[in-house]
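Below is the structure I would like to discuss, written out as structure tokens.
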């Protein structure tokens, strides 16, 4: 993770474009979802979407710059309560970008598999889109945490889950969606697309399966 | 609801953009759906989509301005017969914008749950996109009314339902779609996205569920 | 059907825009689908999409002008073999625009219901988007014809079906898609959206239904 | 396959547009998928998407030019490991364009039908979008190969499958997606749309079927 930090203006542009693309994919409805990128490490500075922003209309100037306590250093608007989850991921993983989407399938699967504590995915070429994964035989464990309106507590639980699962590339909050990250906005966006694709495949396989007697392998 | 009223030109622009976005989401097919915004309260003036407008091509100049009886005060075209439903919501809720969408899942769920009189939704983070809702544990009751071509009667039944369910943020007409509202076009659009997302989740959960033995919580 | 005929340039623009919108909806994949509009009645002249055109890239200049026998009067390219189906509809219904789409759900439902000879649809507000329909209680019968590569024979069978079902607003070719029409490109496009919406609702209701014990009404 | 070769600039433009359209269709998520076009036969030169390119942002200048061994002749970036699969198809079929998509339904069906060695499709008008197919009664056999991270071995297996199935217009890699081709980028794109449409139809028919007692024919 020694890639150079992006220019603020380039990071603003990248996040705004990602927001508009994700809106087009239906992953950030109802002003859900949050997007952030690290633009300085010492001191830590994050660009992040403000609370209540419509991602389909997101503009570079809409992004807030926050410090490591989540205080707004520049920009108009209020930082989302979920800012501390972004800071937890940056801290635990050294991530340079953290993206939170809220798709239909992530919502459904995160509830169906909450009791199991996570979702195991293997056998898909798409897994190779995750950093460091070189084969479809890779088994990705996606931890699922119960949702919580106490964001401090949720951030602590997220940190603990990230430590327990050092190989995880993302995690799900039940009924709430996906958090994933990367060493750049490009890598983090790729991770979102990989996970959302896999959720779609897993969900539709459940729908289609009982129409056949063959077992998917 | 003491937010300043929008300029007419801004409200026209906002409604036209919402129409085009909703078309892109597939929620206003076949010239279905109606969008309105209050631009004056004394006397009451509403901008509203004309009857038969294709929402994917909606332009600011297409919107009609109507008075509290639904008469066209300015603009070319005929006000939709559903105008009185918009006026009922404005009157009962003090709404500044009323949006009616007509999606596939709203149509299906409104018929499947008509006998139950409504649809209960809880446990989803997305619920926090509804005004005044602070937790996913909130239980939203979405009343469902039988459809009716007598719009005066339907407007009276809608008023009665709104009074019976003062906490409701939207309601469904069976086989016909969603009505929701807000204190701005921005808030009302967010409500549409929240409800349509939830309908999608509920519908697809029904499809996927019988493929698993786990129960969603 | 005494509306004035559109200017050729306006009709070209309208059809090209419809093609691009339908591509965005996924209804004309693989160069499937054909779009036509009457631009002269005496003698009869139709603008129609050429064989093999990608509808997502359709431009006004791409459209062919043909006569009542389907011969190309102006434009580059070959008229589709299905041109005679368009001419049959124009002749039988006095239509000013004929649109043929080829969607996933139309394909599935046309095969599932071929033995029944058609699909009956009632109870949906969306039906009011069909010309002359004033209530959701209307029952629309959508005839389904077996597909046939002998286009002369298929055109004759289509004419016979149109005469047998004078109230029908559209018909399905099994495994092949929808034909619908209207007294303008605007009306015909509305009919496509109405039918495609209804096919989507009917298909997804089939998927969702067995997950519930309630019966849709 | 004696059509004139496209100008390099036109081929670059065509592939970039295809990439952006496929992204809009959800077929190349997570930087998956690869697109190539032959721009010279003696010596063989292929334009191909570089490894890790986001297809939704693909620009003409992003494409690499490679030789028959997959070495980059011009352009910045690394050729995808799957380049040799493209070269295998060009060699075996004399294809002028090879497109690899990675859709949800292709992923699901390729796994469900791997044991059967392929997927048989018949009865759909859409099949006529495949080069040389003149009737919906055509039976297309789509071979399915197990996925493999040894790309040399996979390329050999792909060559063998292409020889065993000389009539095949495409093939599936299990859990990995579709390869198809054509004598131009236009033809290859049409083949992708035809196959992806058919996968969607087959997948949704599986979902819908158990809701009915009628058998699709």
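We call the chains A, B, C and D, going by the order they appear; numbering starts again at 1 in every chain.
Quick note on the criterion: a contact is a pair of C-beta atoms (placed from the backbone, for glycine too) under 8 Å apart; a residue touches a chain by one contact, two chains touch by 3 or more.
From a predicted model like this one, the values you see are computed outputs, not experimental measurements.
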Regarding the chain C and chain D pair, does the interface count as same (over half of residue numbers shared) or different (under half shared)?
different
Rotation angle for the CA superposition of chain A on chain C, to the nearest 5°?
180
By CA centroid distance, what chain is farthest from chain C?
A
Starting from the mean Cα coordinates of chain B and chain D, work out the distance between those two points in Å.
42
Separation of the C-alpha centres, chain A versus chain D, in whole Å, is 30
Can you pull out the residues of chain D that are in contact with at least two other chains?
24, 205, 207, 209-210
Would you identify the shape of the chain contact graph, picking one of line, ring, star, complete or other?
ring
Touch list for chain A against partner chain D, complex:
21, 24-25, 123-126, 129, 134-137, 186, 189-191, 193-194, 196-197, 200-201, 204-205, 207-212, 214, 216-217
Which bits of chain D are touching chain A when the two form their complex?
24, 26, 29-32, 52, 54, 56, 102, 104-105, 107-108, 111-116, 147, 149, 173-177, 203, 205-207, 209-210
